[in-house]
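Two complexes, one shared chain (subunit A), two partners (subunit B, subunit C).
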Partner chain A sequence: MLSLPIREVLKHLKEGKITARDLIELCLKRSEKVKELNIFVTETGELARQQADDSSNRLKSGNEIGPLEGIPIGFKDNFCSNGIRTSCGSRMLANFIPPYHATMIEKTLNNGGVLLGKTNMDEFAMGAGSVDSASGPVRNPWKYKFKSRRHKNNQSEDSKGHVTDKEDDDWLITGGSSGGSAAAVASGVCFGAFGSDTGGSTRIPASFCGVTGLKPSYGRLSRHGLIPLVNSMDVPGIIGKTTEDVATILNCVSGLDLKDSTTLPGSYQPVNLQESIDVKKLHIGIPKEYHAPDTTEDVITTWGQIADMLDNAGAKVSQVSLPYTQYSIKVYSVLCCCEVASNMARYDGIEFGYRGTNEQSTEEMFASSRHHGFNDVVRGRIMAGNYFLLKENYERYFIQAQKIRRLISEDFQKVFKSGVNMLVTPTTINPALPYRYFMEEDNQTRCSQLDVFTQPSNLAGIPALTLPVSLSTDQLPIGIQILAPHLHDDKVLLLGNWIEQQVNFPFLNLDCLDEGV
Partner chain B sequence: MKPFSNLQYAVTASRLANAVINRRELHKSIPPAPTWKLHDKSKFPQVKEITKKQVDQLERLGLVELNNEEGIKSLSEAIESANGLYVVETSTVKPLDTVLETMPLYLRVDEMNDGNCKKDVLKNAAKVEEDYFVAPPGNIPLKSTDKG
Partner chain C sequence: MQPFDWIVRHCIRPISALDCQQFKSVVNHCMRSLQKSTEWESVIGLEIHAQILSDSKLFSGSGTKFAAPVNSQVSLFDCAIPGTLPVLNRRCVEAGVLTALALKCKINNVSKFDRKHYFYADLPTGYQITQQREPLAINGKVDFIVFDKKKSKLPYTKTVQLIQLQLEQDSGKSLHDDQGGKSLIDLNRAGVGLMEIVTAPDFTSGEEAAGFIKELHKILTMIETCDGKMAEGSLRVDANVSINRPGEELGTRTEVKNLNSIRAVARAIEYEIERQKEEMEKGNEIVKETRTFDTVTGETIVMRDKETVLDYRFMPEPNLPPVHVYSSQDLPDSIPSDRVVLIDKLKEQIPELLSEKRKRLQEQYNIPLVLTYNIVNDDEFLQFFEELAETGQAEPRIIAAFVSDFLLYFLKKLEINISDIKREYILDLCQLVEKRLITRETRNILFERMIIEDRKPSDMVQEDNLEIIQDVDELTELCIQVLDENPKFVRKYKNSLTKGKERAFKNLGYKMEELTGGRAIFGAWSGILKTLLEERIKD
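Now for the complex of A and B:
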């Protein structure tokens, strides 16, 4: 049941083969089995049960039901949830209880969805590994040695969910920053989950965990209630097992929101994956700059296989150039720090958030709140951002980065104008990395490695989809990324859906955890 | 599922990185080797040492402390990386603030449309007094390096 696509689960629910309540119990049970992965910051079991009961009643009533009726969905802990703690992975917001729902949550619930919990993430979404959270790192379910499988007969009760044991580090990272959301979908805890994507934070964990992740076009989904990281690049991201699940969720939550002035007006055309895509008519571009230094052979080989597959199916596949790509990661890093320095100014300990103990003066209190509330990564980015924004540096760094941002955006526009319909690239330079190895470098270094292929589409605002297409020589998922012009989110999903049908990816199935324990 | 025995593959992966991939069957559109232009880093502007004065200024601006060598090293690295942007010629390029610059966006009428949420607004504050947020005395500049 937990490995089925949303469409089939919905069919079971409608036919009364399972109740929404039983479904949520299955998910909560699975969540308990995979507790060691540290997926949730806050699990909302009781609320989910209530919502599931409401959903059961709606299903029984025979009235029209939503496309997500009774379907358990996870939300990254940077989406404000009414009455539910929203920590953003930070000590700063450890006790923050928003009085309203983010629009993404509101719309999901309005479509029948059940809020299962708030998923773990890098603090303030700053990271590419999901290792820098105040609630501890998230672990990738792929190749994970679950304790319940390791000592079946004398399972210890020591795990409280949060990772503290330094010796116990033989596992893979999920990628970040939406690692909890990706791990939740991959391990069957929920059928879909929301992440956020500023530089790859939805796509990187989706690709490391072998699931599908969409960064929609900027302006497509409302950011109202999504705690901002970089306002000009942030978008809510959608994670599902398949392109169809992602499309179903996207259709429920798209469109103008009067509470977010950057959502685009005009009616939204739902994505319909029943429409078939004529691959023969497609011109696919392979941007040569996406063979970046340090890209692993497995990733390049997979990229080539997808190019072959499209070519053999009759698509025109040709090499194109996006010459400014290699500067993109630096541009992203400068702009990110600058917007962070400004965005984080709201955390002063007065209206909400952690309040420091130093009450000598307003500034001392602000400083002590921020010293204790933020981790090194957040403080470091604030510092760098303020440095780039200093009067004497403003032109040299901030304006220069904004100018190159335009060149990067124009790279995409030019190539799409030349007749290329979509671009196909790797999602990351490597598959999921071991935690131990990942921790050998700092957050800044790791982000600059992992965000290489993902952040250019954030700078340009265009839609990007990652889907798992093969396993590496080490049996880890490898994702491929599809990019299309702004607002052509349907195109990346249609092509993704076509590729998905060709590759028959072996999705992770943890049903074995339910056996006999 | 095969048990995850060792971490060998990380090493394998890094060894393979940058290797020219010689597979004849690789699609003709895929570059067999990395295509990034190499720049002579010595021609980049050098990162000047961050002075005590600058540290003080940044700490005052950000109200966070750059309190150790690690913090200064990390800042220097961020600057060093950003210095790589000098090589791009941009004299005729306009900065891009938002990707929606050419699109008409919705503007609501400038009228109050919510309110009566005093309780909600105050409930997340650590200290309130009679419907007011409470702050310590103002107009005193940050002085100490005391971490509170």
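Now for the complex of A and C:
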């Protein structure tokens, strides 16, 4: 049941084969089994049961309120949830209980969705590994040796991988910063989850965990209630097992929100994956700059295979150039730090959040609250951002970065204007990395390595989808990324759906954990 | 020792008394011109924060009532709850555009918001959203009137250039309990929309600055974009003051903050100019600092020094798209007109401005500036004046003088409204004044009587014998009568020195007024009375 696509689960629910309440019990049981993964910061079991009961009643009486009726959904812990602690993976907000729902949560609930819990993440979404959380790192369910495991093989039938005994730090990272959300979907704890994506934070963990992740066009989904990292790049990200699951959720939560002035006006046309896409008419671009130096052999091979697949299907596939892309990480470092410095200014211990113990003066209190409330990654970015924004540096860093951001954005526009419909690239330079290895470098270094393929689309605001297409020689999922012009979210999903049908990816199946209980 | 005495004592050979007098005047002349070259010029620029008259805040839906219970008008956005976003209040943009138009500014079709960062307990986000780089409007101009008795007897008009008008958020308020060692914060005011208006350093005195604030206050309240309640902080003024020698560069300026009455603006600036002069003359430097004005002592006091200059780390506000304002003709077809702010539509809402009214009265009715000021300050007065002047039955200048100088007094004294005054009567009264048939005193008496007794002034003049007494013979007789009836004052006049003489003459004058019932002009009889008095004491 937990491995089914949303469409089929809905069918079961409607036909009464299972109640929403029973479904949520299954999810909660699975969550208990995979507790070691550290997926949730806050699991909202009781609330979820209540919502599921309401949903059961609606289903029984045929009064379903939306296409997510009874479906358990997880939310990254940076979406404000009314009455439910929202920590953002930080000590600073460890005691923060928002008095309102983020628009994404509200829309999900209004469409019948059940809020299962708040998922773990890098502190304030600053990270690419989901290892820098005040609640501890998130572990990748792939090749993870569960202590409670009774079965030898926890992979899907097609997978040949084996898990051997390891010490406790010998496991794979989920990627980040929305690691909890990606792990939740991959391990069958919930059928969909929201992440946020500022430089790849939804797509990287989706790719590492072998699930599908969408970074929608900027302005398509409301950011109201999403605790910001970089306002001009943040988008709520949607993680589902398949493109269809992602599209179902996207259709429920898209559109103008008066509470977010950057959402786009006009009515939203729902994505319909039943429409078939004529691959023969497509012109696919392969950006030559995406051959980053450290990209693993597996990833390059996979990329080539997908390009060939499209070519064989009759699409026009050609190499294109995005010359300014190489600067995007540097641009991002500057702009991200600047907005971080600004956005984090509100955490002063006065209105909410952690308050330091030194109350000798207001300034002392600010300093001690911020020193103890933030980890060193956050503090480092604040420091850098404030430096870039100084009057004497503003032109040199902030303005310069904005200029290059525009050039990067224009690169995409030019390519799309030249007749290219979509771009296909790898999502990350490598599959999921071992935790031990990942920790050998600092947060900043790891971000710039992992964000390299995902980051430019955030600067440009265009939609990007990652979907798992194959396994590496280490039997780890490899994701492929599809990019399209602004607001062509339906296109990336349609092409993603087509590829998905060709590759028949072996999704992780942890049903084995339920055996013998 | 006075410089003059010093020069006389040390430099001058003994000279004749006459020479000495001549010399004295020459030296005095030199001293005056010497003083002139050591005079100071003062330069003042103002920053005004006007709270926008709007039911809700600049970026949130919470209320803006003054003196509401503490922290009762605070939305999640106002207290910086994470994840909340600003939503621009259209009314505030319209008020800003309206004000900019009334202040003759150039409106920027696209303006943007910036974040200005500083840590302060009553600034919940750690930054203020303002318009630093691309404000709503620039380059304004305001004509205003200055009443500065020190500079000139008559009021004069002056024009100030405005540098920019920007929209921004107000901050909250901190209350410090020093004994309890606690600070309390009220966020009711946090996020209220402000218009910051920055002037060029065009003022030269406190009175000039006050004259401008008076005019601005009138404009804002007339177009209802600010309630102008200075005591409640709705309109706050910061003044930048510096002094310099003529022809030299501008001096270091100090900023006097939060002046909350028109008088405080004038007094604080005058004090600050004098203080700076004293410092400079003592050979001290002026320190760039922020000062506050103590309304009780009338002094400015150091608030915080600016030697460690704050870097506000300005950054564009990423959550607000640029603000577009359009003219109807430039509005793209794709944008519905009810969703945007249209400059021309707002322009229609702006009534005739005070300066325009004053100018029109001066030109159309040929009356002096000084008389126009009070008339244009009240729409009812203006309407009343124009209605009477339009009849052509009386000289506008006479009507204007009455409306400007006496109308308010009588309305209050008699507790009546303008509508209670019969137009026919008031015109009749003005004609009497114009033809010099009555004195001013009689005019005032007649005004009261025409209201109370409901009689036409010219009838009363005839029936009650109130014409002006101008006939010299008649006046002479009356003077003689006064002298005859008051031998005591005549005696006093005879026996006193200058001051006593003056007092005695004044008393005789009162008696004369009493006798004529104010029907004779002082100038017409004072000479006669004096001559008769002098003759009488010779005897």
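The criterion applied here is as follows: the second predicted complex is superposed on the first by the 497 of 517 C-alpha atoms of A that agree within 3 Å, B and C clash if a C-alpha of one lies under 4 Å from a C-alpha of the other, contacts with A are read in each partner's own complex, and residues count from 1 in each chain.
In this section, a residue touches a chain if its C-beta (ideal position, glycine included) is under 8 Å from a C-beta of that chain, and two chains touch if they have at least 3 such contacts.
This structure is a prediction, so every number in the text was calculated from the model and none was measured.
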Requested in this report: Please work out whether A:Tyr144 is in contact with subunit B alone, subunit C alone, both, or neither, and reply first, second, both or neither.
Outcome: first
Requested in this report: Based on the superposed arrangement, let me know which partner A:Tyr324 touches: subunit B (first), subunit C (second), both, or neither?
Outcome: first
Query raised in the report: Which partner does A:Ser342 contact after superposing on A: first (subunit B), second (subunit C), both, neither?
Result: second
Query raised in the report: Of the partners subunit B and subunit C, which touch A:Gly199 in the superposed model: first, second, both, neither?
Result: neither
Report task. For A:Gly210, select first, second, both or neither according to whether it touches subunit B, subunit C, the two together, or no partner. Result -> neither
Requested in this report: Determine, under the contact definition given at the top, whether A:Gly117 touches first (subunit B), second (subunit C), both, or neither.
Outcome: neither
Query raised in the report: Does subunit A have more residues touched by subunit B or by subunit C?
Result: B
Report task. Using the touch definition from the top, say if A:Cys80 reaches subunit B (first), subunit C (second), both or neither. Result -> second
Query raised in the report: Is A:His224 contacted by the first partner subunit B, the second partner subunit C, both or neither?
Result: second
Query raised in the report: Is A:Gly89 contacted by the first partner subunit B, the second partner subunit C, both or neither?
Result: neither
Query raised in the report: Once the complexes are superposed, what residues of subunit A are shared between the subunit B interface and the subunit C interface?
Result: 96, 99-100, 232, 258, 261-262, 341, 348, 350-352, 362-363, 366, 386, 390
Query - In the complex, subunit B residues that touch subunit A - result: 1-4, 7, 9-10, 12-14, 16-19, 21, 23, 25-37, 54, 57-59, 61-66, 70-71, 74-75, 77-79, 81-82, 84-86, 88, 90, 93-100, 103-108, 117, 120-121, 123-127, 133-144, 146-148
Query raised in the report: Which residues of subunit C touch subunit A in the complex?
Result: 76, 79-88, 115, 117, 119, 121, 124-127, 183, 185, 311, 313-315, 318-321
Query - Residue numbers on subunit A that touch subunit C, as the complex places them - result: 78-80, 86, 88, 93, 96, 98-100, 102, 223-228, 230-232, 258-262, 338-339, 341-342, 344-346, 348, 350-352, 362-363, 366, 386, 389-391, 394, 398
Report summary line: Touching subunit B in the complex, subunit A uses residues 95-97, 99-100, 143-145, 170-172, 218-219, 232, 256, 258, 261-265, 286, 288-289, 291-298, 300-301, 303-304, 307-308, 311, 317-319, 324, 326-327, 330-331, 333-334, 337, 341, 348-368, 370-372, 374, 376, 379-380, 382-388, 390, 396-397, 399-407, 409, 429-430, 433-434, 436-437, 442, 444, 448, 460-461, 472-476, 486, 512
